[in-house]
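Here chain A shows up in two complexes: once beside chain B, once beside chain C.
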Partner chain A sequence: MRGPNGSAMRGPNGNPMAESTGVCVYAVVPDPGDRAGRAGTALAGVRGWASEPVRLVTADGLAAAVGTIPAELAGGDRLQRRLADPGWLAFAVRAHHRVVEACFRAMPTVPFRMGTVYQHEASVRELLTERATQLRAALAVVDGRCEWGVKVYHRAPPEPARQPSTVGAGGADRPGTAYLLQRRAERANREQARVAAALAAARLDAALAALAVAVERPAAAGYPGDAPAPMLRASYLVDAARSDQFTGAVRALAAQHAAVQVRLTGPWPAYSFVGGVEAGVP
Partner chain B sequence: MTGTVARPEPANLADVLERVLDKGIVIAGDIRINLVDVELLTIRIRLLVASVDRAKEMGIDWWEYDPTLSSRARAAIERERDAGTERERDAGTEREPDG
Partner chain C sequence: MTVAADPEPVLLPEHVPLVDLLDRVLARGVVVTGEVTLAIADIDLVRISLRALLSSVRPESG
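What follows is the complex of A and B.
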């Protein structure tokens, strides 16, 4: 294991570290001062990746929610093998989210990218001090706000009941033509419905963006939950005070547009709005 | 899912994965576990195939179309796109709209 300057990592006593544990950072919050108070209550009983208890490490007015994890989870081939186990990955992702959410319910919370691990608690304190400006800026962005996820799907119009059979009916002399005309009409209907849905999605997005502080519309399609692919997948950063208004708007807009189906999740910690602190926030 | 009405739904595993993976502030730890790289591709694929019960209806080839995943995936997308253009040209205007 190498330090940032390329030198071999040394323990506090100057000896090469036995890689026995790592310190996993889940989130950063403002230093609550009284650790036994609100923050302590929020994190009581919360377990991280290794089912370890989560504690706060503080420096410079900031606090990191961390857990000490065994070396086998702190890097290397063994970790990669475990991560390749979908069951374990699912567990780790849920654990990460549990910790972040516990913080989020009690305090402004900047979620960390899953898998940010340090060798020592001292390095976490250094992180808080060295990145204090960036972290404070991120906290200012998420303070009093939450994230809502919205997906808009095209609701295909019901297939018109096809004529059971034209044979023997009045138009039986040209069944092929009738069939092709019907196919063409169906295709036109589908196309029309698709356009209507796209319009509805755009209107919904515009209306919701007006209620939000910031919007993220990830370009990449193909998350596990996307089947079929949504016409709109967006995350909105919303003031907590406006959350009811926001969810009300989603409901109202969804009801207005028969062409679409809307899926709303949240409130989430502001996962999507801390990567680029400067992005899209007034 | 029934009706158009959207009320917040309880988060399922796919929701949590989507929200958590690739998100959050990036500050390199001294042991940063690189989840964003090629491994993630493997992980996601295996996760999808093995543990998400809706894998089939999701279409198990979705990762090929996630441009953030890898340059190899990107290359595959390019090839796919070129091939698609070819097919469209061959099929002319009577191509059946998909879906």
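What follows is the complex of A and C.
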């Protein structure tokens, strides 16, 4: 794991250069008031994607979990070079998530998109003040809830082994016809299996949505790693008190439907249910 | 990892497949404009790195 060396943060005399830093926002939580209390404990020892300690910046009853990052990570060519390194990106993504997760374990948490960097702490306070209404509404939505990710894949039926002898035996006189009939039967089987899987995915989604407060079904995956593409890719916002029921339902439904493969991840901080904060952005 | 194949499908954060993590951290969460100096997801180099990451790690299969 590569962390930044931190050299860009210090001048020749080893003095911090305040001008050459950025303030990275990871999440917004309610102002805990007592910073030495629960929130302080939650963030103690937690480090952000520049390996920097994370602190709370407060305004208007809200608090932002932030870290001061060196200028080289706040933009420009050096950041570009870092981002071109997949190993570093994976490190940074996990670090961002660790901070959000630490907040999420202790208090209602509105996750921010990775790479939200301000020049000054004062700008973060302005953000809290200007978006206070939306942020408070978002906190109310996620309070006491978590996100579960579900992906449903079509479990393709095993390809029937095409025995050379079958073609030979069935079509000694008309091998071409036998071959075409076999191909047609295979196509029909595949189509039937696909329809069965789609139906299973729809039933599963309906059953899970009934247990959730909200559902997000993002459009086609933007990432090439999601191959094969899932038939259903959904996030469910679930009351914490109902999480056991929800995961139990996923297990039961997965066992019922042999046509699909189900993958469940979570509980996540509510990354997918905080879109409301962006409303009203000029 | 699949529910059908595994009695314990709930993945701890450290073991969360990278694709699910990237999907949330880089594609969701609050985006604000204004004084923000950077939104990483907009940078093309990220996409190139993502492609490399995800083609090397395929947690989905199995």
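Note that in this section the second predicted complex is superposed on the first by the 244 of 282 C-alpha atoms of A that agree within 3 Å, B and C clash if a C-alpha of one lies under 4 Å from a C-alpha of the other, contacts with A are read in each partner's own complex, and residues count from 1 in each chain.
Definition applied: contacts are C-beta pairs under 8 Å (C-beta built on N, C-alpha and C of every residue); 3 or more make two chains touch, one makes a residue touch a chain.
As the structure is a prediction and not an experimental result, all values here were calculated from the model.
In this overlay on chain A, chain B clashes with chain C. In the superposed model, A:Glu191 makes contact with chain B only, not with chain C.
When the two complexes are overlaid on their common chain A, residue A:Gly176 makes contact with neither chain B nor chain C. Shared-chain residue A:Gly45: touches no atom of chain B or chain C.
By the touch criterion defined above, A:Ala156 lies against chain B but remains apart from chain C after alignment on the C-alpha atoms of chain A. Shared interface residues of chain A, touching chain B in one complex and chain C in the other, are 22, 28, 74-75, 79-80, 83-86, 89-90, 93-94, 96-97, 100, 110-119, 123, 127, 131, 138, 149, 221-228, 247, 250-251, 254-255, 258, 261-266, 268, 271-272, 274, 277. Interface of chain B with chain A (complex): residues 1, 4-9, 11-35, 39, 42-44, 46-52, 54, 57-59, 62-68, 96-97, 99. Touching chain B in their complex are the following residues of chain A: 1, 3-4, 9, 22, 25, 28, 74-75, 79-80, 83-87, 89-90, 93-94, 96-97, 100, 110-119, 123, 127, 131, 134-135, 138, 147-150, 154-156, 187, 190-191, 194, 219-228, 247, 250-251, 254-255, 257-258, 260-268, 271-272, 274-275, 277. Chain contact summary for the complex, chain A toward chain C: residues 22, 28, 74-75, 79-80, 83-86, 89-90, 93-94, 96-98, 100-101, 110-119, 123, 126-127, 131, 138, 149, 153, 218, 221-228, 247, 250-251, 254-255, 258, 261-266, 268, 271-272, 274, 277-278, 281-282. Per the touch definition, chain C reaches chain A in the complex via residues 1-5, 7, 9-11, 13, 16-41, 43, 45-46, 48-58, 60.
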